[in-house]
Each structure stands twice: as structure tokens, then as C-alpha cells.
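One structure, pasted below without further comment.
By letter and in written order, the chains are A, B, C and D; residue numbering begins at 1 in each of them.
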Amino acid sequence: MTSGANTLVLPIVLPLLGAFLLPLVARFGDGLARALGIVLVVVNIFLGWTLWSAVGTEAAVTALGGFEAPLGIVLYGDRLAALFVAVLAVGALIFWPRAEHGGVKAYTLTLLLVAGGSGLVLSGDLFNIFVFYEIVAVASYGLAASSGDKAGFGAALRYLVLGALGSSLVLIGIGLVYAAAGTLNLADIARLAPEKLSGTTGLAAFLLLVLGFGVKAELFPVNTWVPEVYAAAPMRVTAILAGVVSKLAMVVILRLLVLVFHDPAAISLLMAVAIVTIVAGEFAAYRASDLNRTFAYSSIAQLGLVALALTIPATAGILAAIAVALHHAVVKPAFFVIAAKWRGPLAGLAGGARVAPAAAGLFVLLALSIIGIPPLPGFWAKLVLLGGAFDAGGAYAFAAAVVLAATVVEAAYLFRVVARIWQPAAGAKPAHFAFSDLSPALLLGVILIVATLFVAPIGTALSGAAASAADAGSYVARVLPGRM
Amino acid sequence: MSPDALLVAEYLGRALYGGAILLIAIGIYAMVARYNLMRVLLGLALVESGVNLFLVAIGFRPEAAAPIIVGGVTDVPMVDPLPQALVLTAIVIGVGVLALAAALLIRVKETYGTLDTREVAKFLAAEPADAAPAAGTAVAGTPARETVNAGSAS
Amino acid sequence: MLWLVILAVVVMIAAALLTVFLRSYLAAVAAVSVVSLALAVIFALLRAPDVALAEAAVAAGLSGVLLALTVRRTGLWRSDAGDGKK
Amino acid sequence: MHGYGRTTASLLFLAGLVVMLYALFQALPFGAAPMQVGQEIVSRAPGETGAANIVTAILLGYRGFDTLGEVTILFVAATAAGLILSGAGAGDLPKAPGGFILKAAADLLFPFLVVLGAYIILHGHLTPGGGFQGGAIMAAAFFIPLLASPTSPLNHSTAALVEGFAGTAFIVIGLASLMWGEAFLTPFLGKGTLGDLFSAGSLPLLYLAIGLKVGSELAGLMARIVEVGGKS
């Protein structure tokens, strides 16, 4: 065990402690609670960063309570986990809730979201992952309704019902895995999987787990909540849910694929789900009549791309998944910032470039990147994905063709909006952006441009993270040193 | 185990797994085929119960003791304690989720005046042109909604 | 023990069906509590006393009360409209 | 998109799920739990944790982190419910007090339930029951007086205080071992004699924190459901 691995628990426990204390701190003023929350999120960025630089290729492992794996729960901190701990905290920092949307309670829920999400990516135990998934889920249900908007309650309740049903499916899946393998530790399951989970039971368990985690990961067919919730929730919540939380569920699916389910049937299953998700998402986005829904459906399609990337074998697939996920985590929240001001039918956006040139310019930049125009980061993300798919050949070539077709649809609806924005205003003009309205999106735009300049080093770093995440052997060896 | 005991175990397994499947199926039926959100919540509670039964049944072994050491005797065969711990966790999680759902349900009833899933879905799918500015006005006043309100009040 | 378990399962399934088809919501909530109580009996028979206690106290007791309060608060205890198939 | 097509699709999904589960459970051996990890825990738990109740040993020892998450979920649900219900209008509730009998019963029940809850929590490492079951009973103890006289709402600030401190205590107990160079949540204090009330090290302390937190959270949750309007 590496020295200092005990601190692996801090990105989970510190925000949790803060969340428990926040209602008490709020007695001395809401501002103090807000400050404490923000400080803790910044601490989490720092913790993610230190973990990233500390682990290198050797992941940090800690057995909680001193109970060695597979008896106790272990945390497994590799660069992938460190990356998402930091990204989640950055997202929460940029989109920290406004005081008018729930106040201290919303701060508390955001901290809990950060704690739960960090646990989700760090945990190395199947049931523990479920518990953290539930924390993230319940916090999102609450935040989804925090706008006080009329539509919010209905959307959040339908989201909750679907999510709770998904969680029940996950539990059945965990039960099947446990009945077959007799253990919940991911590394231990990985060790036993070829023998115990290669048959139909394993496939069914995988199906149930993907359906359950797919609710958060916006996978077809359990993503019906997406347009409703993203339209009704406060913009800042939508940005966090679409930008980061959906990717955390993808990280879980990634771990399951790498460690447990390498069955060709399981891979084909996920690939089919991913392709349907992409196609359904892009076409619904094309047909959507307002900006918010367009982006909600486009977000579904992007997560379909991530899922598709995960099916591509070995490091190439994981690299592509991380790249697409990170790019989307930067671009989509910025889109939602714009959509929050430009509500209503798309026709009403005419004249937008005149009223808000900065927003319109940013929109074009984001659109170009998400479509994949070089040299923007979106191009590199799609290139890695398509390259991996063509290298793998076979069904992957078909999948790559689907991705290309989807890109055409994507370009069609995004340029349609761009054209609309540059039209002269017909009736009422679209809303004007105050600097504070647009600043989170501008910040993300700057991040996008900086990433464009540093594509090469970022690519190298991500390749390293992907390579170590793809290495199931070293995962098992690190967690269960005595049992290989 | 004697052949008799094996037979008993087989029937026991059928009863428990069958009960779990039926409970899950009845719960999901209540969630998808009935149109009142309260019924959906009750269905959810049934599904969770069914899953919990399944998990406990996994860990059962015939002729084994409960996982509590009595009088320091440690070498008796015991049922698997791990699924039991998981189910304890799952029960508490279920209650938490149910409570939040109840809170949302109260607000849905209060703001929409109905708990009919079809009405709520219609409201959420409405074109943004009518829905977005309608935070309090347009939609509540549509004739269809008024009939539903009148129906549930009588 | 086999017969006790089968009896409890039958009671549980019957109560679950009542939950779906009873017109009064308060009665349906009571039926859910019966499901949980039958489940608690099954858990006790399956040598899971901790889970049985939790199921009885938390799932049957607390969530039953919670759901009954919700029924009362939403005014569903008097009407059974808005359900069933049109 | 909505309506009957969706219902039909859902029913098809239900049929598929049932067929799949039936086929799977047919193949699942009953009564032959693999007990890879389970058996090892059963044989090692008494020595490693000092708890006679092995489910408790798992909940607080081997899988204590799950339990922290579980308590957190109740906290998240209570916070979210508070957020959602703040600003809710008056419900359909009778505002009259609950009558003499309920009041008298509440007064009688209160000490009894508190003692029972505390007993179940403190014996969690010895007998069935523990922080969650006892916490639920505690919640009932604090909730019944509220039903009896709805005009005197549960003191939310006291509940929040208990909730906050109990949650903090859990994490602080966990972090204490971190300071001694051990992993988070490593049990400390002596293990004592198996079966004694004062045994199993810090586990009963953890269960006490859980019991208080669960009790205050559940009572708060129910109070929010009942409460007539009013910001909390």
C-alpha cells in the first residue's frame, strides 16, 4: 500500500462532513455556509489534483476500516478517478447554486453531490458504488426541483420514479453477481468472472446494471427524463447534471466493462444501446423546438458516443470515451448557460447576434467544437473515437458510419440555430446577456480555447490515464496482492 | 442433506424466488398500468420489497443458524450474513427515496391539482411557447385541466 | 417452516394485489404495510432477524405512516378519481 | 409519444423482465449460497470486531463505509424534502388537536419508546437490531406527540442540531483512526469480551451516532410531510 493512500477517503468525507455541518453553520449566516461550501469544493479540486500527480501508473488503494479486500470495502484511486474527482469539483465550483434557488439546502445538496460523485468513481466495491450512486441520484432529484418552477416538481417526480426503478434493477443485478461469485469487491469479481459470470447470468446482470446506471448516463431507453428535467431545473443544476454527473455513471460502466464483463455478447449489447441512443438523441435534437431541449437531446447523443467509445477494445476505446466525455463536460454546460437566457421557440432567436454578440460568438465556437471542426478539441475527441472504431473493424466500422451520419444531423440543427441568430430580428428581440449571466460560459469557452492550444500534452496525459484504467490485471494485483 | 430436506429446500426456493418475481412484477404493473402517481409510489415500494426478498433468499442455507453468536459458540453453520447487511442498507435507502417522492407528490398535487400521470406528462411535454412563461397562468387554465380538477374534487 | 413460508408468501402476494386494485388509497397503503409485515415474517423464518426487525420497524411502520400522511395531505383519502384505465 | 404507446412498451418491458428473471432464478441454486466472502467474515468477525452479531460487524466494520453512505442518503432525502416543501401551501389537514386519549397515550408512550429505542441501539452488537431499527423507534417517539398536538410543531432547530452533530460524530470517529495512521473507520477502543455490553470497541459508539441521526432525520421528514405550510 502506498503511503498516504489513507487520504484517498478525503474527497468523499470532507464534503460529506461539510454537508452535515452546513445547516448548523447557516445559523451564523447563509453567506458563511456558502463560503464553507465553496472552500470545500476548492479543496476537492486540490485533492483530485494531488491524487493525479501522486498516482502515476501505480494506483493508490486503501482498505477502509483496515479490513483487507475482499472482506471490506476498498477505494481505488487511479488517474481516471482523480480526473473525475477534480472535474466534478470544478463543475460544482463554476455552477455553484444561486441563493434564490433553495439557498443553504441547495448548497448542502451540491456538496452531497460532490461527495457522492467522488465516492462513485473512487469506490472499488459493487454495492458501495450503488450506495454512492443513490446519494448522487437523490441529491439530483432534490436539485432538479429546486427552481420552484411549476414544471420542476412533476419532472423531478418522474425522474425519481424512473431512477428508483433503475436502482432496483441495479440491486437485482448486484444480487445476481453475488449469487454467482459470492463477493462484491470489483477486483475479486474480476478474478472470478471468467469462470462464474461468462454465461447468461453474467449477461443478464450486465443488462440490468447498464439499464440501472443508464438512467443517470442518459442511455436509451431510460433517458426519457432528460428533456423534462433539463428544461425545468435551474440552469446551474442542468449544467452539472448534463456536464458531469452523467459521466460519473459512465465511469462506473467503464469499470464494469474493463474488469468484469468482457463477454462479446455484453459488448454487442452496449454497442446496440449506444447506437440507438446516438440516433434517437440526434434526431430528437433536430426536431426539438427550443434551445434547451435541443441541447438536452444532443447531450443524450453525446453520451451515446461515450458509451460507443467504451465498447471499442483496449486503451483506444477508453481514451476516446474520456476525450468525448471531457469535451462534452466543457461544451454542454456552456450551451445550457446560453439556453437559459434564450428560452422559447427557435424562431424567437432571430436577431440574437445583434443583441448579444458575445453569446452568439461563443455559440458558434461551441457548435464548431461539438461538431468536430479542427483544430478545436471536439475534433480530436471525435478523431480518436473514429480512429479507434475503424481500427477495430467489423461492426465498429458500421458504428463509425453512424457517428459520421449523426455528425451531419448535429451540424444541420446547430447551423440552423446559428443562421437564425444572425437573421434580422422579426418581432420581439431575444434576451440580452448581462456579463454575470454569461460569465460561466465564457470561462468554459476560455478553457476550450486553452485546451485547443495544449492538445498534445492533454492527449498524452489522457492516454496515460486511459492506459492505466484499461489495465484490469494491475487493478486486481493492486487490490488483491495475495490472491492472484 | 437427506433427500427429504433437499425437496423441502427446492420448494422453499421456488416459493421465495417466485414470491420475489411476483412482487416485482405486481409493483411494476402498478407503476406503468395505473395512472395515479400515488399508486406509482405504492408500486415502487412493492418492487423494492421484492428485490429485498430476492437478496435475502440468495444468502439462505437450510439447516443453518442466524448470524449471531450465542454463548461464544462459533463453529455452527450460519446463513450468509452479507446479503442481510446489504438488505438492511437497501431498506433504509428505500425509505429515504420514498419520503422524498412523497414530498414531491404533495407539491405536484398542490401545483397541478391532479396526480394523473397522463396529465403531468402532457404538461411536461407541452411546447415551450406555452409552458415557459406559464409558470402560473396559461396551462392551469386550460379546459382539460379544469375538468380533471372538478373530477377529483367531487 | 416450509408451510409457514408459503403461507407468508401467499399473504404477501394477496396484499400486493390488493395494493394495486383497492380503490381507497388509505386501504392500499395499509395493504403495502401488510406486504412488509409478511415480508418481515419471511425474513425471520429465513434466519435474518436483523432484517426482519428493520423491515417491520422501518418499512412497515415508518413508510406506512409516511404514505398514510401523504394520502391524507393530498386529499386522496376521500376520492379515488384519476386512477384506473379510461 | 406519451399515452398508450408508452404504456404498451412498458408492459412489454415488464413481460420481458419477468420472463428473464424467471429463467435466471430457475437456474440459480437455492440454499447453496457461494459464501466466498461471507464464510470468511463469519469466521473472522468475532475476533476482528468483537461483535457477537455478525450483521452488525459487517454494517459497522467490514462495510462501515456503506453505512455512512446510507445515513447520508437519509440526510440527502431529508434536505431535499425540506427544500421541496418549503413554501408549500396548507395541506388538507385537520388543525384541531388530536384529542385527549391520543395526548395521554403520547405522554405515556414517549418515555417508553425512547428507552426501547436506546436499548435496541445499544445492544445492536449483541442482539438483532441496532441503530436503524432503534432510530426508527426513536423517530416514532418524537413524532407521536406531534400528531397528538399539531399546533406545537417539532422543534426543527433541535432536530437539526442532533442531526448535524450525530453525522459529524460518525465522520470524526472515522477520521480519528486516520490520525493514528490507520485507514478511515478502523475500529478502536478495546474489543472486550464477546457478548458483553461494553465490547466491540468503537462500534456501539458508531451505532449510537447512527441511531440519533436516523431518528432525528426520520422524525424531521415526517414532520415536514405533516406540517401545514410554514417554512422550516
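The rule we apply is simple: a contact is a pair of C-beta atoms (placed from the backbone, for glycine too) under 8 Å apart; a residue touches a chain by one contact, two chains touch by 3 or more.
Quantities reported herein were computed from a predicted structural model and do not represent experimental measurements.
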The chain pair with the larger count of contacting C-beta pairs, comparing C-D against B-D, is B-D
Distance in whole angstrom between the CA centres of subunit A and subunit C is 37
The distance between the C-alpha centres of subunit C and subunit D, rounded to whole Å, is 19
Note: subunit D sits from subunit B at a C-alpha centroid distance in Å of 18
Here the gap between subunit B and subunit C, centre to centre from mean Cα coordinates and rounded to Å, is 11
Residue ranges of subunit C touching at least 2 other chains are 49-51, 54, 58, 62, 66, 69-70, 73-75
Subunit A touches at least 2 other chains through residues 127, 131, 134, 138, 141-142, 145, 153, 156, 172, 178-179, 184
Residue ranges of subunit D touching at least 2 other chains are 21, 28, 33, 35, 37-38, 41, 53, 55, 63, 66, 69-70, 73, 76-77, 80-81, 84, 91, 128, 132, 218, 221-222, 225
Pairwise, the chains that touch are A-B, A-D, B-C, B-D, C-D
Subunit D residues touching subunit A in their complex are 9, 20-21, 23-24, 27-28, 33-38, 40-41, 44, 48, 61-66, 68-70, 72-73, 75-77, 79-84, 86-87, 160-161, 163-165, 167-168, 171, 174-175, 177-178, 181-187
Within their complex, subunit B touches subunit C through residues 8, 11-12, 15-16, 18-19, 22-23, 26-27, 29-30, 33-36, 38-39, 41-43, 45-46, 49, 52-53, 56-57, 59-60, 64-68, 78-79, 84, 87-88, 91-92, 94-95, 98-99, 102, 105-106, 109, 114-116, 148, 151-154
Per the touch rule, the subunit A residues reaching subunit D in their complex are 6-7, 9, 13, 16-17, 19-21, 23-24, 62-67, 70-73, 102, 105-106, 108-109, 112, 115-116, 119, 127-128, 131-132, 134-135, 138-139, 141-143, 145-146, 148, 153, 156, 172, 176, 178-185, 188, 192, 200-201, 204, 221
Counting only contacts in the complex, subunit C reaches subunit D at residues 49-54, 57-58, 61-62, 65-66, 69-70, 72-75
Listed in rising order, subunit D residues that touch subunit C in their complex are 53, 55-56, 91-93, 120, 128-130, 132-133, 136-137, 139-140, 143, 218, 221-222, 225-226
